[in-house]
């Protein structure tokens, strides 16, 4: 029996132990025989630390899973069944710039859908598209499971310009919302189902069901009257205006704070950055501590400290998805995939984040009809931005990049957009070959 | 021969002489026999001044047009052919509050699509819906030609809740764009045609034709390279970032500055308000001077000073529209009307501002297909806002009003939205009976 | 523990033993405690025979399922969990007329989507709408699982005019296609998945997957080269023109023969009707034999002869659906439900037959995008017909009925439509009170 | 001053004198200086006869219009302003086969949207696509005004595969409907406006206005109660079933008889063909007589006998269209053009026949919203057929041709489709090089 071959690009990431743990836990039904951790020379040191930890974890668990470490992506991709991508082009230094530079202009960096996210897209998309070229050649039937942010734009780019068709973009935001709402209702999260629809980091819970009964209004009421946090580790815990959420009638995701509370968020981030640095700086510290832990040769499980890292549920989401595809589980998971009519006001061939039934043939979106009219504008604003960003990433066209920056709802003016753009282009020059051709 | 009966509600407006001039000029093909200027008791003094000027103008022109002044709307509406509405509920004092209160929170008031516009909608829509009730009874075949702002939301409200179906919302923005572009091209404006599409004060020129040839790129190039003003009297003359407009590929309207240059505009308005007061205060002064002029019994033409008032082309647009309906002219005019599929990403039954061929049966929208993906977000954001605002105006529901305020792209946060909303509700209490029921 | 209460309207049907068998088999996970078989006085004799058999079956199986027989629908409906409808208004005599009268005009009766189906709809829809009224009052949370044909039009009618929202229309055609294709591929049917989309008795298999791999072209090739039957008991086994199916690129259902082979089918039916009578007459004979068997007090299982009846997989489909809703199985089943954007070229609020994931909240359609352009016409022709038929059934409007008859693709001319309509109206007068009001 | 250059391909047609007359009448506003009549060697004799008549007409009228006769299409196309195509590949002999062969199978040939129309499409589309290649090279700014049938499919083909974008398909059916309805209302046709929408020879009048008032119901009532002919020279004058048309609520075109009265039409055509031959044979006789007349050197006007030919209003429609484009008339004309959202249930990039405002930039469709649900099926059936036919014509793929033939609503069965197809392919072999490659 052959078993499954998984290739994790960016395998030296601090998240990897969670992924390894996920595969170990599911080994009985999801027999991963080979896990290839691929990284780049700059990441080799971390790759070794993580790889050794992974081997110790596998050994302790007693499962016959081989851990391969390589810098040769093409060698790894050969005959893979699933390829996961968790790359960070330019590492945390680049994220720091994504967050810091916009703040200088009193603009939130927002490393996924803001100006920071634009630059993360410009750096990441060309690399992912290259990976799809290799996949088309070396493992044409494999699924690409991308968690690299901005996951929405990366999925959009692969759908439009990638050399493979089997791609899913993954996000831990909906899982987190489900957990938070279950906690609020004081029930086990398995009893809660939410119809998710929107875009990556711009997703709404349209309906919430408890044991099959629609409890959306009750949940909205609880959110507004008790004002529970309903947020994530990396997003400030500001409550919503009660009457606003009541009239909205659906549940926003934590990232919606950036759009519905822009001013408060930018003020908060400036303050925080003065105190503890931007999120990248905080993460750097956490990462450093994590890798110190990982080095410990006695450690042979995922250390609990990893939870602090912010990517809670991420690897679990990935393992669940792979498991459901492999075993045709037909459970319902919210992922980033081709819209194909699920959400009426978004183009059929664009990426959306929507509840899908996960089958052997991949995710199949469940129809939404359309989003409530009151959120169509904001959702489409981010889609407009995503589309412009993808075009810029693929072409290296300065004016497209300026367009993307200007129409981003977090950016207040075209001339500010230009200033931020110009400074960021210079700062990330090394990772933007398409913009600095000779 | 019967001739045409026109009823102008808000007839004491300083704009009326332009309308009168328009009817006089067109008398040969558009024989207006009766012009009824309707106003409310608070406006009677102005109504008399304007009415007397109108009578002198008619006399001088030698056309058999009767000018009727009345405070009894229902008397006037009986058997009308066209009803024009140019009301300002709460007068310029209300506008002053619409502009001043948001500025206190560093937010642009924007009396058409911003927080100010929301309140103008809340005050105006119930009155217009009342007028449609009277029309349904007294002149069911008449056309309602509305220029009262926010013209987009008023049209949306009449389409959804009005008692008549024949409604057109009028705006001088597209005419102004056409004039400016003709000037830029150094040709007569009759040689220029523009495909307009979008929403009121959120309209784009998708294509520009000169003598039938598409010159859009040339015009964009001229806008960006020579950075001509392309604006209106009441909107600050800030040029666009060249590369941004180039990538956008279509021509924004002057009001787009509020959205694509928000920060600059708010800073500018704060500065201006300190110097000359907000626009309402400037307009009050102009109005006062105008009415002084109008009082002059020797004046029997539209005084040239009216041009400064900011509503250039407005009455011309109205006369043109009425003329084209009456004479089945089949010329192409951009108006606010039911979308009916003209713009794909907006609901069929919503109001849009789009180039229409004007026939005896009213405006018939020319298909656009869809707006470029890069502007769909912003346009839909305003439509989301408009829809929420209409619901709030019709229901008097506080939470709907807060929703509208929060999702407006000019408002930076839900808690700021609430503060502005609460202060404005108090300030306009008198004109918002639906929100202050006993 | 309460257990499930099921109400079967038309419970005296010869199909009922299959349903009973289905519930017995699934008792462990689907504990049906009460099964109410409701019928009308004319059906009481059969109801008793079937009811007694059901009781013997339950006893033999040793499950604590109570069988209730009643003529009082409202008594039965109280607090039901699921209501299944398998009524035949006018019994098989009416079906005989549905099939025979059109044949006199050389037109296929087709008791589901043809002229016969129109009359079945006119007789059935008012009764089903009445049932939904009772349900709204007596068991508002129950699901209505309808198998009464024409299942598409009945679902359309309930969606538009019913007093409840939880309705599913069921059909055995897709299940049969899956079985036939599995047989063709020589694999177990559980390894085959088909994306179904279209309308009731007008459904296509868009893609066929074997173990997750798309084998559509292979299956098309097998259909055309080996020309296997791929049909149902009640539909003549004529093969498809090879090149036609190849160019179509998707798998038609057995009922498509009526549309793509109209002439051959009508000739065949005329011939058959001379030999063995129309299908209703054949079924009458089978039914008679079945009830003779059912009377046998020693019989305590579903007799194998029932399979000949033509409704193979029907009750299995029903039990599966109920089981999946009750247990939130999230398996994929093709059912008739509100489109909600699943198929682009059909209205959102119309009924379609489409693969759905079945959850505790009911069926959730999986997006199709759109049907291939080559079948959009035919599918929409049936939808046009269904919509007209529903309007006729609800209003009793003669001209709507003539419209439905004329636009049916099986009816060759408006004057023929009128002749058939007039003769059938008279023949079914007793069951069409809306058309013969006093 | 340069004047206009018009190229008429198929210039030897008997219709040409009407076109010449049209240009002469409009010379003052539409100064056609050069009219090039292009034909193929087989048509040279007729071309000379027609060309000489044209010259006499021009001379008599005293307008400076040059008539050029040539067999060299490319010479003619150089710098043309408008190119009209009225070609008949295979001449009337081919049409005879288009009409006769299907009748052998009791199927209407219908040389535009039936099996005959399919073959006319297969012969004509490759030639028209070749013409667009020449145009792209020799007169890239010229408009292609096509009247060659099947005009809908030809337009669809040019929109999808042509080398130019400026194409309009023209039809005399809507003009005829307008004339007939005006006659019915006993008013001048200029007072009547009809909203046309649908496909070529499958067009409906959605609304009829008299002097701007909607009189649709009145017209429907008149059609049904007085049963006036409302047809064309070449279509049998059978009235509609009163209640059917009433429920339809819109006005069908004469060609709808083929679909709503199929049986009656096929019986009638078989009968007629036995008496006078098929329409092609009748036309041949008329043509022969016409050319005898044309030869008469004393004839210097369009002879009144031409009206009998069946193409009434055709050339008038063409001249009107050219005039409106040239002079930016902005009148409303129904033409075949890119849908672009005008009719919701048809693809944006497909050809539709719809009321357009005709500008200097070409026809601009007026939005329809959507067709009434009751006709969407039939209209989409023809669009399905047209799309398959275009694919077959462009590829020469036998299976696509069989698909087109089978899904045509006039063809009753796939095996009949195959028989007709095979016989017609052989009969037209000479003109179908794509199907008989070596």
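Labels for the chains are A, B, C and D, by order of writing; each one numbers its residues from 1.
Basically, a residue touches a chain if its C-beta (ideal position, glycine included) is under 8 Å from a C-beta of that chain, and two chains touch if they have at least 3 such contacts.
By chain, with names taken from UniProt: A, B, C, D = 6-phospho-beta-glucosidase.
Because the structure is a prediction, the values reported are computed rather than measured.
The chain with its C-alpha centre at the largest distance from the centre of subunit C is B. The geometric centre of subunit C is 44 Å away from that of subunit D, both derived from CA atoms.
Subunit B and subunit C have centres, each the mean of its CA atoms, that are 56 Å apart.
Inter-chain contacts occur between A-B, A-C, B-D, C-D. Against subunit A, the residues of subunit B that register as touching in their complex are 240-241, 243-244, 246-248, 260-264, 345, 347, 373-385, 387-388, 397-400, 402-403, 406-407, 409, 412-418. Subunit D meets subunit B in the complex at residues 193, 209, 211-212, 214, 328, 330-332, 339-344, 348, 357, 359-361, 364-370.
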